[in-house]
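Following are the structures in question.
What follows is chain A paired twice: with chain B in the first complex and chain C in the second.
Then we have the complex of A and B:
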């Protein structure tokens, strides 16, 4: 998913930066509103978590293992706008300090992993889970679908960005200058690999981690208080009266 | 008097003090790394890479001595120029320039080349490989691999005209690989020669909001804490593993550790915030700016910007022609 420098031509990477700059500014404004002075340490820890989640290897059939991106989980727990910031910060560290992902492709990488995954994941989770209790199985299933769909759509977007290169950037003789494969190759390559393999790992991790958090510390889940407050009229919570 | 713990005896193999054979653990029987070993070695590689970076940052070389703001701007402009360059000769020259810069920055060239070529370009090479064949990019044949002749059949199926490596494919692949390698080389040079904290602070030069810069700086420090935590999870699991659990249980274990790490990281954030507030933090963070550019920094900066802009102009001229 990390696109390095040299894969995308100037038209694409400049457009992706133009798209991302207002998103970064708005995400900062939005998060500042509800986090206030807590924002820096809170976001820093969440960004550090986003970075290290890729170090967790998950066993998969065939004796191999894969790792998750975790942006959908972060979006469900912290909200999609906080996920934009934390994923962007984690990607910038990966790009600047460890050379994983390019400097010119940074805008595109942030769009794919820091915007598409969190927003697709968060709204999928929200739509499926509805107003069910926080520990319901439907929410766990919703988290799994959110993880799967978020990563699959992001892979499709990355495949699209790479696949349009031969049409956008080529010599007068038609020889491609950047990613040489068209949409007919990049889209199926990215989608098949992710839908059948990486997105399943992402779904699994998102669901299990969500189930664990919902069971052990649901108060950290984004929207939890709001959802609890809305159900307070019908049901009292004797263990946590201030929530209800 | 009877001995209090007569039932506890040290096994004979412990008394001998020498091992006759390797411990017959589950992991030693498997040649392929399982997910526990992969994770542990991934974390150790991360720590190792960070230490290597630290070693080169401390050298007194050419790039290390430059002002980080100038260096960041210069390398961004150069990468932008390289990413727009179409000429293979110019890309090759720029790659050689990155090696010269690495040499004068006292970076071990063997380490530098290995680090660049071992990962990203190999991956890029696998992606670009099919392009050299006429199946993906038709063109003039450079090497004929299979030539079944016109009208050849394999049973009822008609065979294509032949499989060749084309000149056009070779040029496209070379240009692609060289561009990726050169861009990655300059990016790696930036972080091999700049302390992460000053590198992040120098982002303020480009008007990156303070909240992002401070978050970056704090995040980088806590990555090490959480990486150590992950290493400990897997180490503890490995030390208890006699036989692997069913895959679904192993997956559940990983998912729960991820959930635990997230809870722990947010709780740490709360504690760090309280510690900051107790020291007078009111949400308005300050960055101690101690950058000081001298004449050499300005010369290097101007040279790099001219070089990068020249590459961009050169690439536009070649488009027009």
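Then we have the complex of A and C:
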């Protein structure tokens, strides 16, 4: 889902940067002010984990390939704003050092993988989990659905950004200047490949890692209730209220 | 900054992922919408002119998670570059946010 340079025209990639700049600033503010001290080392872990998980390319029928992202998991554990930061850092290194994802398309890629996946994932997880205990199996299922839906929606958004190019940017004769395929091709291609394959990997990764963390150290989880945290022996931290 | 048992276990998992990272090389196909200019030309019969202008705007030091040059067609020849890339990527991403996190953690309980 790393859109390379050349597939998005200036109209799209500039708009995506303009959308991302306030999101990056606000995410930085949120993370700096509201992340609990216990969660801070996990930020570094989350970015590294996101980076590595994206190297596990999965082959699919038809000769294409793709991968999970891990941003839904990070959003559930550290909160969606923290996931914006960790995913953006991973994407920045992938783009600058490894040429994976374009420089011009960096804003779009950060939006797709660093905003859409975390927010769709986090709110899906929250909605399904409701008020169930942190160790309930429903929450594991919720994490799986969150991963699946987050990556699938992001794939649709990426397909949309690419698919509008022929209509948006073409020569006077109508020849596309950037991505040559329209929405009728890009949307189904991205959605089918992700819904049927890569999002399932994302669902598994999210569910397994969540299940482990929820049982071993629930106090680091973003929306873990304060009362439960204090009975578990964690110091209360009134200066850093949990973000809602 | 102290590290919990969970953090240590997850860190070991991260190292295991790096060790098994060549599994990611089994998939040889290009991801949708990430084709190079030659692949694109083969598919649509021409290279879109805007694409040609900005496709190579940046040349990465380790393109496609591999050393440049040489004939890296097989999994065995791609694996060293892939390992080095995974290690560099993990150190950079972890390092950036670890340092940023330490700076943020200052002045907290």
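Worth a mention:
Methods note: the second predicted complex is superposed on the first by the 201 of 244 C-alpha atoms of A that agree within 3 Å, B and C clash if a C-alpha of one lies under 4 Å from a C-alpha of the other, contacts with A are read in each partner's own complex, and residues count from 1 in each chain.
The criterion applied here is as follows: contacts are C-beta pairs under 8 Å (C-beta built on N, C-alpha and C of every residue); 3 or more make two chains touch, one makes a residue touch a chain.
Because the structure is a prediction, the values reported are computed rather than measured.
When the two complexes are overlaid on their common chain A, residue A:94 makes contact with chain C while staying clear of chain B. Of the two partner chains placed by the overlay, only chain C lies in contact with A:1; chain B stays clear of it.
With both structures placed on the common chain, the touch criterion links A:204 to chain B but leaves chain C unconnected.
Once the two complexes are laid over each other on the shared chain, residue contacts for A:222 go to neither chain B nor chain C.
In the superposed pair of complexes, A:57 makes contact with chain B and with chain C alike. In the superposition on chain A, A:171 contacts both chain B and chain C.
By the touch criterion defined above, A:48 lies against chain B and chain C together after alignment on the C-alpha atoms of chain A. By the touch criterion defined above, A:158 reaches chain C but does not reach chain B. With both structures placed on the common chain, the touch criterion links A:70 to chain B but leaves chain C unconnected. Overlap of the chain B and chain C interfaces on chain A comprises residues 4-7, 9, 32, 37-38, 40-49, 51-53, 55-60, 63, 65, 85, 89-90, 93, 95-99, 102-104, 171, 175-181, 212-213, 216-217, 220.
Across the complex, chain C meets chain A through its residues 1, 3-7, 9-11, 14, 17-18, 21, 23-34, 37, 40, 44, 46, 48-65, 82, 85-86, 88-90, 92-98, 100-102, 104-105, 108-109. Chain contact summary for the complex, chain A toward chain B: residues 4-7, 9-10, 13, 24-25, 28, 32, 36-49, 51-53, 55-61, 63, 65, 68, 70, 73-74, 77, 85, 88-90, 92-93, 95-99, 102-104, 171, 175-181, 204-205, 207-213, 216-217, 220. If you check the complex, the residues on chain A that touch chain C are 1-7, 9, 31-32, 35, 37-38, 40-53, 55-60, 62-67, 85-86, 89-90, 93-100, 102-104, 158-159, 162, 169, 171, 175-181, 186, 189-190, 193, 212-213, 216-217, 220, 235, 237, 240.
Of all residues in chain B, only 32, 34-36, 38-39, 42-43, 46, 49, 53, 75-76, 79-80, 82-84, 86, 120, 124, 128, 131, 136-137, 168, 171-172, 175-176, 179-180, 182-184, 187-188, 190-191, 196, 199-200, 209, 211-212, 214-220, 222-223, 225-227, 230, 247, 250-252, 254-263, 265-266, 268-270, 272-273, 276-277, 281-283, 285 touch chain A in the complex they form.
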